[in-house]
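See below for the structure under consideration.
The letters A, B, C and D name the chains in turn, as written, and every chain counts its residues from 1.
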Amino acid sequence: MCEQEPTATTASTTANRGGRPVSRAEFDKMFEQLRTWGTHADASRGAWAEAGPRQAADAARLVRSGRSAALGLPWNTVAGPDNAVPALHYMSDLGVREAPEPSTNKDFIGADFHGKAVSHLDALSHIAYRGELYDGHVSTEVVDATGASFGSVGALGHLVTRGVLIDLPHAEGVDWLEPGTAVGAEDLQRACDTLGVEPRPGDAILLRTGHFARRRKLGPWDPSTASAGLHVDAMPWIARYRPAVLGGDGDSDVRPSPTPGIHSPIHILAITALGTPLLDNLDLEDLASLAASEGRWEFFFVVAPLNIERGTGSPVNPIAVF
Amino acid sequence: MCEQEPTATTASTTANRGGRPVSRAEFDKMFEQLRTWGTHADASRGAWAEAGPRQAADAARLVRSGRSAALGLPWNTVAGPDNAVPALHYMSDLGVREAPEPSTNKDFIGADFHGKAVSHLDALSHIAYRGELYDGHVSTEVVDATGASFGSVGALGHLVTRGVLIDLPHAEGVDWLEPGTAVGAEDLQRACDTLGVEPRPGDAILLRTGHFARRRKLGPWDPSTASAGLHVDAMPWIARYRPAVLGGDGDSDVRPSPTPGIHSPIHILAITALGTPLLDNLDLEDLASLAASEGRWEFFFVVAPLNIERGTGSPVNPIAVF
Amino acid sequence: MCEQEPTATTASTTANRGGRPVSRAEFDKMFEQLRTWGTHADASRGAWAEAGPRQAADAARLVRSGRSAALGLPWNTVAGPDNAVPALHYMSDLGVREAPEPSTNKDFIGADFHGKAVSHLDALSHIAYRGELYDGHVSTEVVDATGASFGSVGALGHLVTRGVLIDLPHAEGVDWLEPGTAVGAEDLQRACDTLGVEPRPGDAILLRTGHFARRRKLGPWDPSTASAGLHVDAMPWIARYRPAVLGGDGDSDVRPSPTPGIHSPIHILAITALGTPLLDNLDLEDLASLAASEGRWEFFFVVAPLNIERGTGSPVNPIAVF
Amino acid sequence: MCEQEPTATTASTTANRGGRPVSRAEFDKMFEQLRTWGTHADASRGAWAEAGPRQAADAARLVRSGRSAALGLPWNTVAGPDNAVPALHYMSDLGVREAPEPSTNKDFIGADFHGKAVSHLDALSHIAYRGELYDGHVSTEVVDATGASFGSVGALGHLVTRGVLIDLPHAEGVDWLEPGTAVGAEDLQRACDTLGVEPRPGDAILLRTGHFARRRKLGPWDPSTASAGLHVDAMPWIARYRPAVLGGDGDSDVRPSPTPGIHSPIHILAITALGTPLLDNLDLEDLASLAASEGRWEFFFVVAPLNIERGTGSPVNPIAVF
């Protein structure tokens, strides 16, 4: 964890603000209130299906300049405080296996991609609360050593919809939110008002906390210990808009968690209660610059996970087009 | 290799037609004629840069119904005649590593993705002819065990442009082209005329031979031995249109190769001469159905490779939107 | 699978002899009769503990010429009928990562080693019958995505003891036993008599069927379909001698299995009933030559598995010294 | 890196003693003096061949009690200051792939094993000085992306010989040598005198610095920065005895290196000059206890690397028997 003092501008009002504690009973009450079990025709896809052809067609009309940004982090093969299980990249050929012409350079890649270092999509099989996945499927019954028969990333497939960037540091006029800063419903609403966006059903809602602006300036830290992210109290606001996917430059959860005994309450509320897949560890810096340059925080958005039929997620490189 | 007799309709005129032999001298002459070395501002990206914001914006205007298709094959972990190095998929967690709540299911994936089983993008560092990559970079000088410093997939980044599907079996009224069938310039032109499309600079040109329609009906075979694909003589036609990327449901090359001593002449002409990245092993069946249903073979197209900074390519799941 | 006709000498009396069918009820009765649950002080190690310092010291006195043989197959990265999940071997450095001096060449290796292609040790956590491992541990309770808390290869550790090679083809005067040949108690006894060896408690009993002599002459086949190996009826004979480990050039089981619904009855009887680890896919050809040259089929024997603390086994390269 | 103050007893005379600086010219002179190029019949095996059947037979006569120790570290999947590229261990089956009976638990393992965390053998292809491997083979000519055609671990095969443990902390009456402590010829000679051992040609010489005693007490540190190990000046003493292999609980090199521009001078002198393979990162604690208990520091010794035909080394679990 980085020990340096931050020297850049950060929000004084939100710095080190982890939000109110939330008891387990309160959390469970919210879980019951938010959950949408039984409401989606294809429970394996959950809220992902909120984005259909109409949303894609509407989103395409947002494309004007054609400028675009990719949100995938570089494939990180170096262990560090935010990379406990580094990705693999080996050259499997350097011009010697296929002869005589052409010679070919080839690679092997590998990743235990859930974690803090790979930009990835969490499918609905990734998170179980009290042993149950979304829609009440018992995790141990539908996920085994061969993968997931319910809630797989193969069942999700790809997404084409409108993206909305809630750029919190930009809206607040700071460089980033300090690790540990909880984002509540009022923070989201105020940022949306400032940026002039309002989410709609089927959107991809992306939250920028400035995580990678901070990391590039101050170096890596352990995001399991301290991350800016959503407070439990923000989730009714999110749920109201029925997004197809929720993403961020952290993993959406504020850490430390406000709820004792639950390390990732937002993962539970989003994935297990609402059936909303998550996009974790997105690099939102280029997108933020582009949005500011274009003067709008909505755009055409595509997520194209690898087709891992029984996978619980996939590394991704989501694309935003303005 | 599948021994069954094909029972579906295949083009009688093209069946088993491997095209005329091309001598090494002729091939080298074409290589000289086609090569665009020194013409691209960023040689690491080559023709990929033909697609810029304008092409993206133009392509977005093609979106009407919002219906879309993904082109990535399922992640194939089973060895077979077309899968010599099967991909890896292991569960790294089944609800026991992160306790107490939530429990998480996680996976490790791995792939030696160049080959015949993974849908992937070939960056310009992948193919060297006579020891040289595109623009004359010496392969052994710019690609080593740490990856590629020239022509990497990280240098390419993503692509947003118009896609054009040259659906040869559809145009010819057959189920697929038999493995070994060479596709020439006149075949391409005739198919384009029939389908009512004409490529433009910056396009993604996708060739369907019906490879996976055949595989699903007759089982896998070894595509190194027999594949429908482009004949050397088709490349001037392709080059004329300056596509940003060329792709197909094989790996673009007809096999056996018409040129002695060169196992993949199209790879050389596209990647090394023209600086045009290739998309290999795309599943074009859903796209073909969708195009036929929409009655047009042009669409908005996005390729989002993983951001492997020194990689020679990446698994991909390209997306077409109508 | 190899289609060629075998041209070498094989045992006419045993060729294609799969042994009598064994009903499930008979199998279960034998399972009850043989099982040694509750008899070993450290159940995680089972019969492995039959070989202690005394056995090691006795075995060392067998060393006279000092000639030795290694039993590990080459690391096989090529898919084939007997290699469904090929091992991985990539160069992770070729003189460029550690500079300036010395330069280093380095490798990454990987293996899903249980199967037919890697010489490996099966620990007691590898095989469950009716959901139970050796000593009645419920498999799903003691083995999870993090590995095995009971019966791991880390618990076994290494083995130093006497090895006994029951070289069936040598004793029978043939080149190999045909795939599918079942070996019974009388075959074992007759071979021991011919070779002049008698197993003792704590021994490593190694059975040679000539698998790799056949493979080198006729090519690979699928050993899941046809393997020479032990018939169920041979296990009381084996059990009587209380070996520390049982190994072979197949995986000890004759295939097809004589018992309906049980694909690997010997694995169950050895590992789950007797607590006897197995050594699978050993290359016994060099050892057989050496034993014949030395004129004795007993030797000093060392197995040194990798120290995978929660692993269910390990690749190994066992060593025999005469 | 561990910041705690050591509280155990360490050698005051040697603490923080990195040894005299050695200029590059001096180093090169020693390289010339020591090198044995052209002297071994099979240069790929180098000094490994000093241990033949006679040495094995002689060593076997050292076995009296039959007690034994394994020297392989636990397979370490957790990144840390001494584990930059953690090993992989995933369960590939948990009772669901092979049905109905028996059910099987299986694992995938992987490792980029050269480094500081895996006990491993360095073959002669691992280290090049001025571009040359042992016997003058040009590294880039004989090692490529497919592995090594000279000096592979497959060419080495296994080793059976006498092992000699030079237990420096035991001989000096301390718990361990502090990281950074250089061990010279006089230290080795004095320890041998104290322990009553003298190396012989073909021996495995193992040096204990107490690395893992310290790690278990004080936690891990980065051994690239500070390791107890051999000083350049110790190598003539080692060379005089013509060991078949040299090993230690570090990687034999003292760090920081005494020679500017050369990070691993002992690797060069042992592997590249002498053709002596190295055993790195051995856990010598159990062996040290056993040797002290037995009152002798010589024993029967077996190294059984995996048979990676073109590998530059292998994970190993060497076995010592008394």
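Here is the rule we go by: a contact is a pair of C-beta atoms (placed from the backbone, for glycine too) under 8 Å apart; a residue touches a chain by one contact, two chains touch by 3 or more.
The model shown is predicted, which means the values in this text are computed figures rather than measured ones.
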(request) Determine the shortest chain-contact distance, in steps, between chain A and chain C. (result) 1
(message) If you apply the touch rule, which chains end up adjacent to both chain C and chain D?
(response) A, B
(message) Are the interface residues of chain A and chain B largely the same numbers on each copy, more than half shared, or largely different?
(response) same
(request) Using the touch rule from the top, work out which pair, B-D or A-D, shares more C-beta pairs. (result) A-D
(message) So the centre of each chain is just the mean of its C-alpha atoms; given that, what is the distance between chain A and chain D in Å?
(response) 45
(request) Mind checking the centre-to-centre distance between chain A and chain B? Centres are C-alpha means, answer in whole Å. (result) 30
(request) For chain B and chain D, let me know how many angstrom lie between their CA-based centres, rounded off. (result) 47
(message) Could you pull out the residues of chain B that touch at least 2 other chains?
(response) 85, 88, 90-95, 108, 144-146
(request) Over in the complex, which chain B residues touch chain C? Could you list them? (result) 78-79, 83-86, 91-97, 144-146
(message) For a test of understanding, state which residues of chain D touch chain C in their complex under the given definition.
(response) 52-58, 60-61, 63-68, 70, 72-75, 85, 88-95, 98, 100-114, 119, 125-131, 139-140, 143-148, 154, 157-158, 160, 261-264, 267-268, 272, 300, 302, 304-319, 321
(request) Under the touch definition given earlier, write down the residues of chain C that touch chain A in their complex. (result) 88, 90-92, 94, 108, 145
